[in-house]
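For reference, the structures are reproduced in the following blocks.
First subunit A sits with subunit B, and in the next complex the same chain sits with subunit C.
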Partner chain A sequence: MSDYHAMWEKLGLDLAAHDGLLEVLPPLYQDCILSQENRPEGMQYFDFVFSEVHGLRIKELVDHRASGGIVVGTFCTYVPEELILAVGGACVGLCAGAQVAEEAAEQYLPRNLCALIKSSLGFKLAKVCPYIESCDLLVGETTCDGKKKYYEILNQLQPVHTMELPQRKDEADRRLWREEVRRLVARLEEISGRKIDEAALRDAIRVINEKRKALLRLAGLRKCDPPVISGRDALLINQIAFYDDPVRLTEKVNALCDELEERRDGGISIGGAHRPRILLSGCPMAIPNWKVPTIIETSGALVAMDEMCTGIRYFRHLVEEGAGDLEGMLDAIADRYLKIDCAVFTPNRERLDHISELVRDYDIDAVIYYALQFCDPYTVEAFQVQQELEKERVPFLYLETDYSSEDMGQLTTRVQALIEMVETQKPSVF
Partner chain B sequence: MTVAGLDIGSRTIGLVVVNDGEIVFREVVDTTFDPLEQCRRLLAQRDFDVLVATGYGRHLAQANFADQVITEIKAFALGCSHVFPQCRTILDIGGQDTKAISLGEGGKVADFQMNDRCAAGTGKFLEVMAAAMGLLPEEMGRLALQAEGEVKISSMCTVFAESEVTGLIARGTPRPLIARGLHEAICDRASALLRRVGVRREVVFAGGVAHNPCMRVLLEERLGLQLLVPENPQLVGALGAALSVLSRDDVRA
Partner chain C sequence: MSDYHAMWEKLGLDLAAHDGLLEVLPPLYQDCILSQENRPEGMQYFDFVFSEVHGLRIKELVDHRASGGIVVGTFCTYVPEELILAVGGACVGLCAGAQVAEEAAEQYLPRNLCALIKSSLGFKLAKVCPYIESCDLLVGETTCDGKKKYYEILNQLQPVHTMELPQRKDEADRRLWREEVRRLVARLEEISGRKIDEAALRDAIRVINEKRKALLRLAGLRKCDPPVISGRDALLINQIAFYDDPVRLTEKVNALCDELEERRDGGISIGGAHRPRILLSGCPMAIPNWKVPTIIETSGALVAMDEMCTGIRYFRHLVEEGAGDLEGMLDAIADRYLKIDCAVFTPNRERLDHISELVRDYDIDAVIYYALQFCDPYTVEAFQVQQELEKERVPFLYLETDYSSEDMGQLTTRVQALIEMVETQKPSVF
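Let's look at the complex of A and B:
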């Protein structure tokens, strides 16, 4: 690994604090990811990208800016990546998955706020995130109240453009959202000094669709039983998809899928006995938040699918291609993003239907609901998800947690009790 | 075959040795700061073919001497339905956890709920509150039972409730009333947890707090039914752990 200290210093990072952060990542990565057995070879690329998460990728972004490009940071799957790409920008997801500088963040924010928001500000205040420091613009969105108000505070530290996301999906909402997409276009054009033209947008739509198709192909391969890839590796890929170069990522995911298909056809699996298949559903898990999937998979079950923003919710819908001129394409983009079924929407029937569909398609034995403490949309919507699953008689386990590790023991007991329950209910299978 | 079941909890460690379906040995010791040493002492001079560990320290035991591990949820389900075959619902209030378990056919776990990470509604809560009043937990239970009336304790958070109790004492509120209020608060929590899995007869009350007569009376009033309490409520987990091996053998036969 090269020495990136000069680059980090230039970005304004607090080098001592940043070194501290980089020290905790490798052992965590070892325990959660590298210690798994029979991983596909194609994971080497993702291991490499992760090992260079604050190195090579940041260097690419620095070079990109040096050659006149912009970098745009996002916090949510509702922000259209295509637009950023079409002005020659690089898009990076900034969701934070580790507890950093909590006390500092609590000088600005109340204690009872979800870990995602608090740690996002923590990273900013502690000056340990080279991504946010590389951004020419941050794009927020009015999803949950916590984030919405947080962006006002963040805007005091760094410019934030906030998109107004409607919370219903009627015609009036669609009109508003299509307008918001155009308002973002204007802001991006202003910052980048480039106009979005038809050819560039068409190309961007295609590039991001290809990325989604590759991730969908990978998702499809998670139906294999015995499994050819673990849930943790799939999660890692999804997490990396938020900040890696989209064209290169697409290529690497497709290459991995080729290998996984060979594995499937050759009867090679990640090994072990047949295991209960779990659907994880709920709040996003940003890097390096692998706590719950690691508990599940080291307790003998498999995360067969994730219904979350760091899972299939991110890439499930494609933008319709061939939607005509620039205006038509902008509408097609807006419509695609409005299909996302985040819990901030009301009513949110699509999400319930999708969960049932995943349970069937992925031959799910139990659903584990992952809610971040103090996240109103997901903690409240859990009730309806449970109701829905009761109808289908699928066991449901609700876990509410944050980024600390002190509840590992309790979480492990619950997860293992769920696994025991599934195994005794279906003794012929396990 | 002789099987030992070891339940390593946050407050106590229980050992039950079963031979041909008969309990041949049982003992409870405090967990202390060195649970491993306590286990070794407990297991010294005991004969058994298989050792199954459960409880929050089960993984520690597995790394050192246990042959198998199961969760306390499964252990309590097996133990309670062995002692009371009519059991359909279990409430276990232990040192650090409160669990409600609902059983399906054959005593299998059909659903369960556990308290969140904090100590609210557990034995720990009672201990801290007893200490705040300068009492032993048993004394507090007795006082609470004698109380005519109660004061409402509005906070379930151990930290806040403790200062609430200190405030009440400072205002001269009789201790029995406070003690009663604290028991009612736990009772609220426990019955809410039970309702989430569904209260079906018979309901077994287990775990260390089942020794507390006041908790039992209050819960029975609240739920409108009689609770079944095992003779050794703290050992049901260890018993279940031991039985887990036997029941598996039964299935095989």
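Let's look at the complex of A and C:
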């Protein structure tokens, strides 16, 4: 690994604090990811990318900016990557998955706020995130109250363009959202000094669709039983998909899928116990938040699918590629993103239906609901998810947690109890 | 007081639980409201209305329904009362201000959710709210995440029509909101079997504007120093304004204002210490939530104004009365409600400006920010309010609380420290 300290210093990072952060990651990665047995060889690329998470990828972004490109940071799956790509920008996901500078963040934010938001501000205040410091623009969205209001504060520290996401999916909402997509185009054009043209947008739609198709192909391979890839490795790939170069990532995911198909056909699995098959559903898990999947998979179960923004919600829908002109493409993009079934929508029947569909398609034995403490949309919607699963007699476990490790023991006990219950075929829920 | 048990039973209340609730209210009312010295005589009407909160007013609603009218329940200042009035409906505010059936509510809702929402469901589940049981329709709104998602659950128990409130105030938002107003009209017409016509709507606009003017007149009289009315009495009137008959309430508020003007001119004040003058800002205080104002006023200060939904935010703006036809009136109504500066909007500069204006107009010595625990919009926006007040060197105290009485001691200590600080003219904030 090269020495990136000069680069980090130039980005304005607090080098001592940042070195401290980087020391924590490798042992965590070892415990959660590298310690898994019989991983596919294709994971080596992702291990490498992760080992260079604050190094080589940042250098690429720095080089990109030096050659006139822009970098745009996002916090949510609702922000159209295609638009950023079409102005020659690089898109990086900025959601933060570790407790950093919590006390400093609580000078700005209430204590009872979700860990993801506090972590985001913590990384900014502590100057330990080279991604946010590389951004020419941050793009927020009015998804949940916490983020919506947090962006106003963040905007005091760095420019934030906030997209207004509607809260329902009727025609009036679609009109508003299509306008929002155009408002983002205008802002990106202003920042980048480049106009979005038809050819560039068509190309961007294709590139991001290819990424989604590769991730969908990988998702499909998670139906294999015995499994050919672990839930943790799949999560890691999804997390990396938010910040890696999309063309390269697509190629690497497809190469991995080739290998996984060989494994499947050759009867090679990841080994170990792989029952029950768990659907993880709920809030996103940003790097390096592997706590719950690690608990599940080291307790003998398999995370067979993730119904979350760092899972299938990110890549489930493609942008329709038939549109003839720029306006048609912008509408197709808007429509695709409006399909996402985040709990911020009301009503949000699509999500309940999708969960049922995943339970069937992935031969799911139990659903574990991952709720970040204080995340109202997902914690309140949990009730309806549970109702739905009760109807279908699918065991359901609700875990409310944050980024601390204090509750590891308690979570482990509850997950193990679920696994035991499923294995002994008790049909009750809890 | 008549015996209303037969009426309550018919409404489906749990009589034993309801009797228990009613036993708690009089001593609380005595401590918080009646124990005040030198109250205006005009408060007798409001004392009477409160003493009949589950009695005579409910009987009026029952009679109203018996004669073919509908009753519509609301949870928020964004729901246009005029429309309900124009279909011959009675509008009642349903926000709940007491801990009721919390454990039962937590079977449906996460523990870490604001007290107002849990209380609302608690009242419903425990069958102790004759208002919600009198409603032909509940009208929700997509203000905060918690309520938005809660309405989906409540809708399983009783029909809820949810209005989509936009999150910004641009032209696209105005269009969407104007459509939402029309969508509510359609639903109200369907439920009531009555079409809204021009004459009825014009009359309704006038009636509700008159209520607002009376409340504004009362608000203006709170500028008097020495004060002619307490903050607690003003709050009580605002709370009652959400469920009382609007024409009668207007008449009684105006009669009270006549008396207060006489007091002012005659140099008669409510007596006792009346400094510092406090602006209470933040979340709404539903009946019987008088905890914080009581702490403030029994500690020697005066709540001179309430920048909250149970305060001036409820009646600050009038509907423009110039519109010639039905469509024009509906637009005027939509536009009026979109002016409300709830923290759910982003950005929400208007609120910061309004707070500064109130600080000047009401000769405010300190701002106490009342935050319901877990209320993300108001708890996060508090930071910017504090920033704004720091610029103007106005002392600021942030109180985060819920509906329990456990923190009374701690809150009292903090309020007393603020008062002491203001009285000794220290210019710092905390």
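Rule of thumb we're sticking to: the second predicted complex is superposed on the first by the 423 of 430 C-alpha atoms of A that agree within 3 Å, B and C clash if a C-alpha of one lies under 4 Å from a C-alpha of the other, contacts with A are read in each partner's own complex, and residues count from 1 in each chain.
Keep in mind that, in the parts below, a contact is a pair of C-beta atoms (placed from the backbone, for glycine too) under 8 Å apart; a residue touches a chain by one contact, two chains touch by 3 or more.
Remember, it's a predicted structure, so these values are computed and weren't measured experimentally.
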Fit-or-clash call for subunit B and subunit C when the two complexes are aligned on subunit A: fit
Which of subunit B and subunit C A:A371 touches, first, second, both or neither: second
Spatial angle subunit C-subunit A-subunit B, Cα centroids [nearest 10 degrees]: 70
Touched partner set for A:G409, first subunit B, second subunit C, both or neither: first
Contacts of A:V344 with subunit B and subunit C, given as first, second, both or neither: second
Partner chain(s) touched by A:N38 [first = subunit B, second = subunit C, both, neither]: neither
Partner chain in contact with A:E400 - subunit B first, subunit C second, else both or neither: both
Which superposed partner A:Q158 touches (first subunit B, second subunit C, both, neither): neither
Which of subunit B and subunit C A:F383 touches, first, second, both or neither: second
Dominant toucher of subunit A (residue count), subunit B or subunit C: C
Which of subunit B and subunit C A:E420 touches, first, second, both or neither: first
Gap in Å between nearest CA atoms once subunit C and subunit B share a frame through chain A: 5
Overlapping contact positions on subunit A, where the subunit C interface meets the subunit B interface: 400
Touch list for subunit B against partner subunit A, complex: 56, 59, 70-74, 97, 104, 108-112, 114, 116-117, 251
Touching residues (chain side subunit C, partner subunit A) in the complex: 108-110, 112-113, 142, 144-146, 148-153, 162, 164, 166-168, 170, 172-173, 175-176, 179-180, 343-344, 346-348, 371, 373-374, 376-377, 379-384, 400
Touching residues on subunit A, where the partner in the complex is subunit B: 395, 400-401, 406-407, 409-410, 412-414, 416-417, 420-421, 424-425, 427
